[in-house]
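What follows is a short report on a single structure.
Chain naming follows the written order as A, B and C, and within any one chain the residues start at number 1.
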Amino acid sequence: MWFQKQISLNAKSRGFHLITNEILQTISGIKNIKIGLLHIFIKHTSASLTINEDADPTVRQDFESHFNQAVPENAPFYKHTFEGTDDMPAHLKASILDSSLCIPITDGKLNMGTWQGIYLCEHRNHGGSRKLLLTMQGEN
Amino acid sequence: MWFQKQISLNAKSRGFHLITNEILQTISGIKNIKIGLLHIFIKHTSASLTINEDADPTVRQDFESHFNQAVPENAPFYKHTFEGTDDMPAHLKASILDSSLCIPITDGKLNMGTWQGIYLCEHRNHGGSRKLLLTMQGEN
Amino acid sequence: MWFQKQISLNAKSRGFHLITNEILQTISGIKNIKIGLLHIFIKHTSASLTINEDADPTVRQDFESHFNQAVPENAPFYKHTFEGTDDMPAHLKASILDSSLCIPITDGKLNMGTWQGIYLCEHRNHGGSRKLLLTMQGEN
């Protein structure tokens, strides 16, 4: 049993954003899957996906601070600079984090831990709308 | 053909630990799968999973040293500090590494390279027992 | 519907290399899959896989520069040094990036974004040929 759907997320500010509910709203068919997997793929190279703590918003602020410091703009060795100072760091952050997630499904629901949520990591200053491709499979 | 099982690993000290054998002991059904995939998901946001060299234990010690230096405790910009100085670095390390792995199965066995092993990456000082959700699928 | 194949890539120089076409040439059966997933697994611990911008080659050069600076050779705390100064950084880079990718298939093709390509990340000075295990599944 396979299901696939492309969705577009509204443009988000640079930073880390919880999108668990936006994802869940688009996969109502999940309720029919007893055991399965949800694969989420982002079709961009300057934004990414990760799973982390969904309770305290300062965690997401600290993610933005950490990655800005670990992957700085204007590193003297960057050659790919013509799309702006935020572009090359965005590509690097996207690969350090992830372009896809795979989340288990059990009895019709995502089976994540109590504090886990899905983050959209927007690494550009003006990234615009982002396209996600959702692929769900499993057995009834 | 789908199989899913949640397991709990005994509490481990902060650092990187080989868990390949602990995983294999819980998935005896793997012997019936000709081609497939094993998905391993950690239901926590301050511990993670990765695959790396399983032979020399100093590799795992160097992982701990590197990540402590690359993601330090007490960074001046951290706002999420009330759960201890090891907490925010643990969240960051978990996203830099991975919350899940997907490993190919061939002829009833995990088909990894000669030197590859599965690491449980415990980023907290006292993380306690960790829950993994194993989802296996494939064809006979 | 499952398909699995091991391939060997020719030895590549240290750095980041586009391998999208090399992958596509080995999975002609993809044209029969309406919805599915391609899993690519690298059977090594000092080379890795990621998805990023496939247009401008300076992006890949900046990847090499960034990771050399973020994960330096000769860090004073490394204990695993007997395989050369490029070895321990290679293990770390492999886990920061990824040992596997999972890419959606739609209507017989990989469904990636316009600018996305598959990178082989060679972290050793003389890594030699690298083995990839491709596992493809889906429905007609």
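The rule is simple: contacts are C-beta pairs under 8 Å (C-beta built on N, C-alpha and C of every residue); 3 or more make two chains touch, one makes a residue touch a chain.
Predicted model, so just to flag it, every value in this text is computed and none were measured.
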item: Touch-based graph of the chains, sorted into line, ring, star, complete or other; value: complete
item: Same or different residue numbers at the chain A/chain C copy interface, by half rule; value: different
item: Geometric centre distance via CA averages, chain C-chain A, whole Å; value: 20
item: Residues of chain B engaged with two or more neighbouring chains; value: 70, 96, 98, 102
item: Residues of chain A touching chain C in the complex; value: 2-4, 39, 41-45, 70-71, 75, 77-80, 88, 91-92, 94-96, 98-100, 102, 131, 133, 135, 137
item: List of chain B residues in touch with chain C within their complex; value: 35-37, 50-53, 56, 58-59, 61-63, 65-66, 69-70, 96-98, 101-104, 106, 111-116, 119, 138-139
